[in-house]
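You will see chain A twice below: alongside chain B first, and alongside chain C after that.
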Partner chain A sequence: MAIKVNVPGLATTVQDLGRPGYYHLGIPLSGAMDRFALRAANMLVGNDEGAAVLEAVFMGPELEFTSDAMVAVTGAELPPKVDGELRETWASFRVKAGQVLSFDFLKKGARAYIAISGGVDVPVVLGSRSTYALGALGGHEGRKLQAGDQLPVGAISKSVKEGLSVPAALRRGPTNIAELRVLTGLYWHRITDAAGNQFFEDVWKVALEADRIGYRFKGGKPLEFVPRTPPFGAGSDPSNIVDACYPYGSIQIPGGTEPIVLHRDAVSGGGYFMVGTIISADMDLIGQLQPHTPSKFVAVDMKTALAARRDRAAMLDKVRTALS
Partner chain B sequence: MSSRYSFGGDEHIFVEVSEEMSLEAFFKTLSMTNAVRDSKIKGVTEICPANASFQIKFDPDVISPDDMLRELKRLEQNAEKADHSLKTRIIEIPVFYNDPWTHETLMRFRERHQDPKSTDIEYAARINNLSGIDGFIKAHSGSPWFVSMVGFVAGLPFLYQMVDRKRQIEVPKYLRPRTDTPKLTVGHGGCFGCIYSVRGAGGYQMFGITPMPIYDPKQEIKYLRDFMVFFRPGDIVKWKPIDRVAYDATVADVEAGKFAPRMRDVTFSLDEFHKDIDGYNHKLEGALNGN
Partner chain C sequence: MATKQILSPLPGTFYRKPAPDKPPYKSDGERIAAGEVIGLVEVMKSFNEVKADIAGKLVKFLVENEDAVMAGQPLAEIEAES
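The block that comes next holds the complex of A and B.
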């Protein structure tokens, strides 16, 4: 079976859980920015948790089905419609051959995950179906969807009931002010103590330059650097370092002005200092932030980071139990 | 040289071998990342060497961050003893310096440059005390370069010039990054050269363009069929200046599937290199030319 893309949406891409193992060659993990939502969407339609789905940002696509399928939409509140009739998010619903799946306006969040029973069956490249658009790799022809694309869908492995849903308490959406927990480190020592305090006190806002590569934040005060003689090879700006690797979730601040948090399609390295890294438990949340969302960085220690990671895993287990 | 360790969140350890760039720091980085690979520590998912630092990504559900840190520190002691030699390859990369495509691009972004009145290559020649474009090309292509990191975007090599520090070309990055760079641009920022593997944003000065593709996600180009990325850290590169006619001929050869990169396997010894830099480079070039 195949799905015909009538209208592509803003930047709809095929994503799964990503492509580990090639970051040392500049090929990033990619995959769903909100991995929890991807897993939940797949469970709702009876797929393996890591099957490929469509990730739609801000605007949904319009898709025409050529055979019957079970569908679920999770993540952002982007209400799905079947032949114009509204359906619930975070719940499974049937789409029959010839019917059209479209979307109402975005109510909350940024990225919706559209799982289709059988999974989107584009070719596996380096172990994953995820799209890495900057490198024209994976997904559907290495790019975001275009009108007229035909997406292959895999064979249905397990049939599930219509109306299955994730309990509201287990859905994680963005709050009014996003709190992003940070483990400081990397080149934290490059800024003064006063600047370090300021960084955590300021309320930042998500900038318009926020995509799968990274999220930029604006509105905080510029950071003051500790004076130094530039090390050979680093460059003269106080925010420069000898080009190094960038962790996923690392926070670089070019020129000390606007922090950029690298996400799933991260550039793998470069010459800007980083003040720390967003903890793994909060990476999904970043993928659901809209531009202008007020955000605070909150300093935590490793113990808290690991506890938060366990909490997220426990939450996912509850979804598994609820849907089994 | 004692390394500085830092956690990058709960999934990465970042190790700064040296704050400043040097071949010694690069060699230690390579031997430490090789040691991590060989040790097959459970839970390691990515091993990423950079110029003078490296990064390990791990799954904290499999190995605790503290245990991971202890393993790396243990490996550092062994890496100190590693000999400074490397089995690698030397590759000739043709470059059309001062080409019309990077020229068109640099003119479009002139207001983002330190010196809007000259081109990138004229500016780089002047601040490095080289005699004009010709003098610059001679210095740039006169000695081999080490690939000291692959990354930023897919398959992009960072290159470090194999001459003593006072002869290394150094230039600042653009005041504000460009939003466009032609694919296969040969660039330079700080002390590092690079080849842009894909078209896109960039902040390095632009000196020329190579007709030799280095990244092919479709894997249609013959020498990229086994793997889509050409470079690996430790490769040695020798630039070969070419003119428009040779550039066009090579592009046609690549399209016809007739082009194969010129390269030879070599063993590089850092100690021998330091004893006589120019003499050693001459020998490397000889190996490339089949002597």
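The block that comes next holds the complex of A and C.
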């Protein structure tokens, strides 16, 4: 079976849980920016949790089905429609051969995950079906979807009921002010104590330059650096360092003005200092932030970060129990 | 006479001009053809054209140049041709 792409949306890509293991070679993790939502979408349609789905950002595609399938849309509130009739998000619904899946305007969040029973069956590249568009790797021909694309869909492994849904308490959406928890890092000493306090006190706003590579934030005060003599290999700008590895979730602040949180398609190294790293439990949330969303960085310690990770895992277990 | 709103397809920043030194695509009260561009929404380093889906008179813009807009937010009002 195949799905025909009538209208692609803004930047709809095939994603699964990602491609770990090659970051040291410059190939990023890729995969869904909200992996919790991807897992939930797959469970709703009876797929393996890590099956490939479509990630649609801000705007949904229009898809024509050539055979019957179960579909679920999770993550952002991007209301799905079957032949023009609204369906629920975070719930499984049937789409029959010949029917068209389209979407209403985005209500909340940023990225919707569209799971189809059987999973999107594009070739596996370096262990993943995820699209890394900058490197033209994986996904459907290494790029975002275009009108006229035919997406292969795999065989259905487990049939599920229509109307299966994730309980509302287990759907995590963005709050009015996004609070992103941070562990400060190796280069924290580069800024003054006053600048460090300011960084956590300011309310930032998600900038328009926020995508799968990184999320940029604007509106806080520029950071003041501790004076230094640049080491050999670092540039003269105080935010430069001798080139280093960039972890997933790390926060770099070029020129000390606009923080950038590196996400699933980020470069793996470079010469900007990093104030710290967003804890893993909050990375999904970043993927759901719209431009202009007020955001705060909140300092936490390792103990809190690990507890938050356990909480996220426990929440996912609850979804598994609710849907099994 | 029926009026219809043009809604923003995306969240982002709305621009009424194709470039900072160019005149606006459309002004209040101007005639508009179906498919004509009324402005741009910038998001994720891309500029996306917003088009009128009916012909008529562009009564007025409901947002300012460079305003932050949400998906589904009304951008302009069009009076359909009878």
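To be clear about the criterion, the second predicted complex is superposed on the first by the 324 of 324 C-alpha atoms of A that agree within 3 Å, B and C clash if a C-alpha of one lies under 4 Å from a C-alpha of the other, contacts with A are read in each partner's own complex, and residues count from 1 in each chain.
Everything that follows uses one rule, which is that contacts are C-beta pairs under 8 Å (C-beta built on N, C-alpha and C of every residue); 3 or more make two chains touch, one makes a residue touch a chain.
From a predicted model like this one, the values you see are computed outputs, not experimental measurements.
K.L.:
Which touches a greater number of chain A residues, chain B or chain C?
P.N.:
Higher number of touched chain A residues: B.
K.L.:
May I ask you to decide whether A:D211 touches chain B, chain C, both, or neither, giving the answer as first, second, both or neither?
P.N.:
Second partner only.
K.L.:
So in the superposed three-chain picture, is A:M1 touching just chain B, just chain C, both, or none of them (first/second/both/neither)?
P.N.:
After superposing on A, A:M1 lies clear of both chain B and chain C.
K.L.:
Should A:L106 be classified as contacting the first partner (chain B), the second (chain C), both, or neither?
P.N.:
After superposition on chain A, A:L106 lies in contact with chain C alone.
K.L.:
First (chain B), second (chain C), both or neither: which does A:I253 touch?
P.N.:
A:I253: touches no partner chain.
K.L.:
Quick one: is A:Y23 in contact with chain B, with chain C, with both, or with neither? Answer first, second, both or neither.
P.N.:
Only chain B is touched by A:Y23; chain C is not.
K.L.:
Touching chain B in one complex and chain C in the other: list those residues of chain A.
P.N.:
Dual-contact residues (chain A): none.
K.L.:
Which bits of chain A are touching chain B when the two form their complex?
P.N.:
Of all residues in chain A, those touching chain B are 20-21, 23-27, 125, 132, 134-137, 142, 183, 185-186, 231-236, 240-245, 247-250, 267-271, 274, 276-280, 302, 305-306, 309, 313.
K.L.:
For chain B, which residues are in contact with chain A within the complex?
P.N.:
6-12, 14, 16, 18-22, 45-55, 57, 60-61, 65, 149-156, 158, 165, 172-173, 189-192, 197-198, 200, 215, 217, 228-229, 232-233
K.L.:
Give the list of chain C residues in touch with chain A in this complex.
P.N.:
Going by the criterion above, the answer is residues 7, 9-13, 42-46, 48, 68, 70-72.
K.L.:
Can you check the complex and tell me which residues of chain A touch chain C?
P.N.:
Against chain C, chain A makes touches at 10-11, 57-59, 104-107, 110, 208-211, 290-292.
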